[in-house]
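The following blocks contain the structures, represented as structure tokens.
What follows is chain A paired twice: with chain B in the first complex and chain C in the second.
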Partner chain A sequence: MNTVLALAGVVFKELYRRKDFYVLLVLTAVVTLLAGSVNLFNEGGVVRYLKDICLLLIWASGLVIAITTTARQIPAERENRTIFPLLAKPVTRADVIVGKFFGCWLACGAALLVFYLFFGAVSAAREHHWPVLAYFQACWLQWVMLGIVVAMVLFGSLVFAAPSSNSTIIFVVVIGILLLGRHLNQVALQQPEPLRTIVYTLYFLIPHLEWYDVRDLIAFDQGLVPWIDCALATLYAAVYCALLLFATWLVFRRKPLNT
Partner chain B sequence: METIVETKNLSVEYRGTGPAKGRRVAVQNLNLKISAGQVFGFLGPNGAGKTTTMNVLLGFVNPTDGEAFLFGVNVREPIARQRIGYLPELTYYYKFLTAEELLRFYARIFGIPRRQADQRIDQLLKLVELESARSRPIKTYSKGMQQRVGLAQALINDPDLLILDEPTSGLDPLGRMKVREIIQRLKNEGKTVFFSSHELGEVETVCDRVAIISQGQLKVEGRVADLVEQHHANLEQIFLNIVGYTPQAA
Partner chain C sequence: MSRWSRILILVALIAASFSLATLLQPRVAGWNKRGQDESVLKLLLGDTRRVLANHLFIEADIYLHSGYYPSIFDRGSAPVDTKHMAGQEGEGHDHEAEHEKEMAFLKPPRDWIEAFGRHFFVTRHTHLEGGREREILPWLKAAAELDPQHIETYTVAAYWLRSRLGKIKEAEEFLREGLRQNPDSYEILFALGQLEFENHHDAARARNLWELALRRWREQESGRKEPNTPVLEQITVRLARLEEEQGNLAKAIEYLEEAKRVSPFAQSLQNQIDELKKKSAAPAKPGSAQ
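Moving on, here comes the complex of A and B:
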């Protein structure tokens, strides 16, 4: 555990010493601030619409931070040869994978916390109420979802040739799941065999990231998700993360260390 | 005397990729035994199998055949690396960290308690003369300074065995002298040092024993003084003879 935490600490330090994180943070903050300050004709609906835009921005920033930070972790270790002095210590390849995963996931969590605190403060200033539990649920579910994304990117970083191709492919897959994932079963019903079985299999195989998207509940004050559903969603994400990390380890243990 | 490093019929083969398909033998039936307190020089021309042997000892590469042990523990077990320090030939570290943070990171991996780690970091930064630069990011260091950080990280756990892969490559004469001094100091402290080098004069100066490897096979092994006496030549001439170098007529 000590090794995993030490590795996670280095990933965390890397994130807050890089400029891209601050650029995203400032960009989101500026847009959130602008959007939060607008209240056209005292129309409450407009503020909600703008809140929705801000949350979308937080989602996009979260994905960008998760994917770009994770995609370069293992390739950079191999390219810069930092993996050699690291594995010359009593560190296993499994430790490296788990440490990188936790580092990236915790970094995403810290970034999300800052984003949501800022969003909460701005929306509280406009609407004079602060649904803390709803914000906590939204932040938690997004963070849990990012755990699956981080695990997917770690796996991709060993399968795809370059961090850029990995990032692009994962972006496309994640956006595809978010937009189409929930409709795949309906699409399957309209297809002839064997396409129906293939689409159905895909529907049950993909991690349903769209389940973690509760932006509408916050933007339109629709109350909380039942806590049991939150717990089940967390468990579902944990299972996917474990499977993806296991697959990553299977690939990494046979992978030559030099590029 | 305790055996620190041992290889038994160690063989490593690589599968070629691209146009050079087929198997390539990097190390063949290598038997080595290094006792505690020795400074052991591992010599050979480029591509002889030195780095591959070190990679097996460090667990980076699995042997195709045979076995390797550190402190009697099979190198496949991560715990075999608890008492070693390793300095790679090309040293790149996390450039966004400072030397102090890097050493603290590695100390944490070894499970060294905080207070003890602080003391050790102070000692090492003094030893490698990086005290004044301890809080600067590594990306601002010169090559020599980075090599010294590398040496400091290799010593963080006060290792009983130090594996150095061409530790003086690319260093200026002053840097080389400092590395030699550190090796000598470790030898005086009773540590075992296993290092590869192309600097034969340096090897002759600091090593107790040497092994010369060529095309993956061990050609000669023994005490430096014995080899010099036996071959009536200095280490460079012995090396050139063994690797089959014949001078071209002008």
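Moving on, here comes the complex of A and C:
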């Protein structure tokens, strides 16, 4: 456990040494504040569009941080040959994978916390109320979702040749799931056999990342998601993370470390 | 390099950028006047801006329904009906029930994933009310910026501004901006007439605007295979009401006859015509408006 924590700590420190997070935070802040400064028919108190834009930027930034941070972890270790001293006893390959996963996931969590604090401040300044629990739920669900993404990217970093191809493919897959995941069953029912069965199977196999996107509930003040559903969604994500990390370990344990 | 020479280079560079700016500025300003007053946005985005503007207009409708809205998968190839946004309910028409039916797009869940997923998005059909309708305005303003020729954007924004938010001045300014961009638009002229009649209580200006709208409609639509008859019905019915209020019953009957020709509720209009005919046939009471 200590080994895993030490590895996670290194990855976590990498986030605040790199500029990605700061650039994305400043960009989110600038775009949100610019959008907020527009005069809309002299009508004060228009806030939902601002929340919508800010949450969209937070989602985009969260994905960029998760994917780009994770994609370079194992390839960079192999390229710099630091993987050899890292894998010297008592660190196992499983430790490396779990350590990298927790490091990237915690880094995403820390980044999300800062983003959501900014979001909370902007929305409180315009709306004059702060639904803390709803924001906590949104942040938690997004963080849980990023856990699946981080696990997917770790797996991809062993399967695909380069971090760039891995990042691009995962971006396409994640955005595809977010946009189409909910409707794949409808699409399947409109297809002839055997395509129908294939698409329906795919629908059951993919991790339903779109569940974790509660931006509309926040923007339109629709109240909280039942806590039991939040817990079940967390469990669902944990199962997918475990599955993906296990698959990563299966690939990694037989992978030659020379580049 | 000495300190002075560095400062001199810096000053020279600033002077060069200033000179270039003065040279280029008139050209940049010219971009806005190229063709028919095309904006830089139009030059950069081309026809994509129309698609974007349409998307933003739909976004306003999504906001009006607090996020409860059919996706392309829910509604199939049927286009989204955005008429309710402009309060364009036909007379005697059960629009509310039809709208409820249209928005009941969520069928019973087909599997546990769909059933569970419904806890994480908006599944209740509600409309913004109590002044919260203002939330749709940013999208309408952005849609108008991107596609100034999309007339519905102006009429819808003006409807909400004047009828729900009490922003008469802003509604008028936005409609006039729309009219500047679309000088022949009978829809905008009609909306301006409504504003004059209902908010400024200026019957004379309302009549002028509606008559102009009717003229524009005839110029543009009468030769068409499928003319925009709902707007013609609205213009003529409004003109008929105005003339009736002013005591010009013959003129009111004339307009109602025209409305009857295109209205799906011809019988209701015929009853109104009969009533007006009776009224005009009756001897005028002493001291009445006639």
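The rule is short, and it goes like this: the second predicted complex is superposed on the first by the 247 of 259 C-alpha atoms of A that agree within 3 Å, B and C clash if a C-alpha of one lies under 4 Å from a C-alpha of the other, contacts with A are read in each partner's own complex, and residues count from 1 in each chain.
Here, contacts are C-beta pairs under 8 Å (C-beta built on N, C-alpha and C of every residue); 3 or more make two chains touch, one makes a residue touch a chain.
What you see is a predicted model, and the numbers here were worked out from it, not measured in a lab.
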In the superposed arrangement, does A:W143 touch chain B (first), chain C (second), both or neither? neither
Look at A:Y212 in the shared chain and tell me whether it touches chain B only, chain C only, both, or neither; answer first, second, both or neither. second
More residues of chain A in touch with chain C or with chain B? C
Give one of first, second, both or neither to describe whether A:F220 is in contact with chain B, with chain C, with both, or with none. second
Check the residue A:Q186 against both partner chains and state whether it touches chain B (first), chain C (second), both, or neither. second
Go through the superposed model and pick first if A:K89 touches only chain B, second if only chain C, both, or neither. first
Does the superposition put A:E14 against chain B (first), chain C (second), both, or neither? first
Could you say whether A:D229 touches chain B, chain C, both of them, or neither, answering first, second, both or neither? second
Which residues, counting only chain A, touch chain B once they are in their complex? 2-3, 5-6, 9-10, 13-14, 17-18, 80-82, 84-92, 257
The residues of chain A that touch chain C in their complex are 38, 40-43, 45-49, 141, 182-183, 185-187, 189, 203-204, 208, 210-214, 216-217, 219-220, 222, 225-226, 229, 232-233
For the complex, give me every residue of chain C touching chain A. 63, 66-67, 71, 73-74, 110-111, 113-114, 116-117, 119-122, 124, 134-135, 137-139, 141, 157, 161, 165, 167, 170, 174
Within their complex, state which residues of chain B touch chain A. 58-60, 78-79, 81-82, 84, 86-88, 90-97, 101, 105-106, 108-111, 150, 153-154, 157, 163
